[in-house]
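One structure, pasted below without further comment.
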């Protein structure tokens, strides 16, 4: 009844967050949840989408995608199919919405931060790893914008955002499912939370099954504890200086 | 602090479920949650999608769409834009997943039930109305398939499925939000549940805000009570005979 | 040799025109020609297409579509296919062109009226029903624009527009063909005419067959008589007051 | 009140039909109506569209397109826009339908004839020129199929097909409108007819205007006389031998 | 070991360049390399692409396409497929790039010259024929712009551009390959050169094979000699007056 | 006149080739040419494209793409634009063609190797880095296929393939251009060669400029020396054992 990788039911996989993975974006983070690896890049762009122009406020948006080579079986490339699939759309929207919960968009002025989350290797939990890494990339982009003198308010981030998956596998509530568990889970839930322990997004699903309210409560307990751990890890890596050159030329 | 339409915080809008709205589909239901009107049609098709062929099992899938004229301000037509938007994709997937929780797909044989949910008039809660109506259309399609002698198991539906929205508006937890409340809700949640009171899907979101665990718990209480009411309504309307001609030629 | 539904060769099906079918568009009409049901909504939008900007004149355009569940066998959804089919394009263009024959576009100022004709149930003659209903929706939208003080000329409609199909079935010229007759007609013609008895559009087709000039003449006689009847029905329903709230707040 | 090019109201422009314009298609015809030039190519392909497979019958279909350089002002390329426009769709369907009126599709066996009508230079009446030229290309493709021993019936063409435009310009009914007249015509009609004088398709339109039944009758008289002349020209050019090498290696 | 058409290894096919092939474009040239026929039209358009606006410079761009009927076996129409294929993209870019090597874009002002190269008949070497014809169409468009008083510098063309293919077939280096040789060539190269003998573009490919440096050198020798011949032909045809009416109304 | 990074004109940047970068593909290589980083993954798939089915031969194809975050200024995502751009198409075709020059496709049986080249960071020369890395990924995939017993011939690779860019910058011929040099090069050439020193592909371009034959010769000399160095590096890294688990379970 033990997990394939020997973890306890409530333990996260090995988490690694590497800042400064790419040279050009204002924030670039490689996040690893076990074998799941997602590259999260936050790029700053002048201006905002048309529907928001003239508001004086900025915008944060995200695009999630998977490299064809990231999965056990090679996936088709969405650019070649000419259509972005429903799952991709859904996750992109989730990431953008989650990050917008922690930021005061009026502090950005009419600038946009695009967060690209490209999955390099997929082994379950790619969307929650993406959110967790994207927050760190966003924080670096905010540091970059501050150094560039483009922030109306020097501290536009009101909290940090982390996310984790939880599910019922073999009748047990387990944290941070790898693909092997995810693919046979009876219930699957993604929880996005702040470092203050409040919730940003909860999505619980029982494909081909239903679940009791008490199971939901138990999954939330386990997921919130996981998010708290991830928040601490984020704070630790962000305690290090900005990993590149800042617009002013001085290291932060 | 009262609601615009005078309802109590925990009350549903006026709900109407009309079976047999169209002539040709095996199930066709017009569902109304107040001014929100969704036409849910369940059509039976021989065969299953390619990835499922040869499994001996059937499939249930859904497509959600909005008439351009359904909204306060006319929306663009997705066929003309040439792309289905992320929101449409997301809701279509949610409806399909929710309905598959109540059905034994092996009883269908290699047949597909397509459930089209077309919003005729939108006033908040279109996805939850769609799920609630779609279940009734599905039940009628199952009756039709039974009469046609195409079911391996005469009772493939293990439970009924209903859905409702709940949110925090003006600091109060409220059930079944119309557009006017939905558009200024701090937190918004959709709950899909069975007539047995178990959960199928929970999606809670705080765009630009976060919410406490205790708020989530309270929203679930209110939503589950709302779903229970909807389940009773579904049972009532389904107690009436099948609203058209069955394959055998006799009324059910 | 009698028609399936017992009608005489020159009789219309039962026609019903229901105004105010939806809440939000300026004009919203459900038109029924027997079992054929089309929802025609006229929405007013500020501005005109780019190629017309600066002309000081308005525009009227139409989009026709069929719900997947409207037909005997479920049709594919054009938004999912990512392309609008040739038939859809052709009918949308016909409806827009027909309505522009009755209106003085300079009276509208630089406003656009979009007419959405969505087929709820198809049983032959959907394009002619759509034109007939769309005229009524357009008339209501004009009333709405007048009440909103947006018309340069208070009577921009110079005539009314109605349409009907006629064909040769079983060697006989018959009016207003249902699907069962339409699908085996040797010749099929759609005629759009004004209440003054002049012609707007004539489209006669013999797929896999040809027809004599004398047959064309006879079909025109029958169709024009049908259009005259439809024009009288339109006038009757439009004699009733505007079915919603007008911009000024007073019923028209 | 005379026409720009000095013709009488009921005269055709100079018509030229050149067979064997290209090497590879079974039929290839350059048709010229004055300055309007359309290349009509009929290519034979094994097999039929999926919906027709197993019927034992063949299929004839057409695709109409305009070179970007064909018009007074360069047009956008539809392949680059990624969508075929409504006008293109409409004309392609008209050409295919018109040609299918003259052929016994069961004589073809399960073969398809694709007729490509590419406008090299546009000066009004491209669709009617296309139909007139396409018939000649089709006739050559039939000769080719006969030589190849692929016809069940050696004479599958029951008549010839020609088409011409007619309109009301400056208050006068005129035949075969060039662009300069077409663009200011009050009424515009396209007539497709056989060499026996029967009708295949009639499409009369009054954009922004309406017309009397008597005008329609007069336009039909003029158009039918024009079609008769075109039919004679087609017969003359087809009296010459097949303009290339036939499958058997012998000139026809 | 002789070539099918009796030419020597280093000889071009019969080359024909016909100016003024169409009425409306500023330059319109039919170029023939043996049976390969390409229609090259240069159209002048006010303004430049958005990324170039405000630069004060003009732009030259090209679009290459093939008529479905141009090839031995009919090809699918890219507008219908809804996507421009990789080969089409590649050749369009090559033609545009090649022509931009000979022109001073600042002399054009903010005007664009679109060069459409539509293959009427394909028998190998369509891209090199297209470049060779496109240069002549461009030169005519420049004459037209000069007559219209739109050129800042009366001689913006610094050289002429021609192109030819060369390959290794049956172990021999051969010039200007027809389809029959091209399809079995071991190495295939396209060379674009100026009348001064300098190079603009060199693309050598060995699909499924490799080639020695000495072979490349030999192919370049042969190709440059071919280009020199084509440059002389271009100069000869351009020595004739402009083949239409110039904006000033006088023949050039 | 020295290069920004201090290299001599004929020196490569620092080259790094890391095998086994991802877990699931049969070959996965991260290749670095200075700051340019490309992830090359070779995935094995049963079956071949339809046009090749039944030939008994395999297929090798490539897809090149750039992460939006890879460039100095964030690029748009092609999946969202719904179209693959011309440059992407062109490079994908080049990579596939280059690799097919070194492999005996009949040894693969009817299997396909898809090579995905995703640019993680772009600093000039991404296509040549991609080819160089793709060859190593292909070699690993071949080892994997051999271990799986799927090769008809145990040594289907007849040579190795490497590629490098060369250009004229500041009037000097320079090897392996970074973005800063590439963007202002007068001439730009990509050379693909084998370890035997033969050529696979040569593409030289002078956008807005032309170049002498002698310059081309000099560029070829420099590029071939660069390719020879890259071939030696490839051989070195491939001398190490296969970096993962082989189908047989034993390390190669």
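Going in written order, the chains are labelled A, B, C, D, E and F, and every chain counts its residues from 1.
Note that in this section contacts are C-beta pairs under 8 Å (C-beta built on N, C-alpha and C of every residue); 3 or more make two chains touch, one makes a residue touch a chain.
Protein names from UniProt, one per chain: A, B, C, D, E, F = Ribonuclease PH.
On a predicted model such as this, the values are computed, not experimentally measured, just so you know.
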Self-check item: Where chain B and chain E overlap in contact partners, by chain label
Solution: none
Quiz item: Chains shared as neighbours by chain E and chain F?
Solution: none
Quiz item: By mean C-alpha coordinates, which chain is most distant from chain B?
Solution: E
Practice problem: Identify, among D-E, C-D or B-C, the interface equivalent of E-F, where equivalent means over half of the contact pairs coincide by residue number. | Solution: C-D
Exercise. Compute the distance, rounded to whole Å, between the mean C-alpha positions of chain B and chain F.
Key: 50
Quiz item: At what distance in angstrom does the C-alpha mean of chain F lie from that of chain A?
Solution: 32
Quiz item: Could you state the distance in Å from the CA-based centre of chain C to that of chain F?
Solution: 59
Quiz item: Residues of chain C touching 2+ other chains?
Solution: 82-84
Self-check item: Residue numbers on chain A that touch chain F, as the complex places them
Solution: 22-25, 28, 35, 39, 41, 43, 45, 63, 65, 67-74, 77-84, 88, 114, 116, 118, 120-121, 123
Quiz item: Can you name the residues of chain F that touch chain E in the complex?
Solution: 83-87, 89-90, 92-93, 97, 100-101, 159, 189, 193-194, 196-213, 216-217, 220, 224
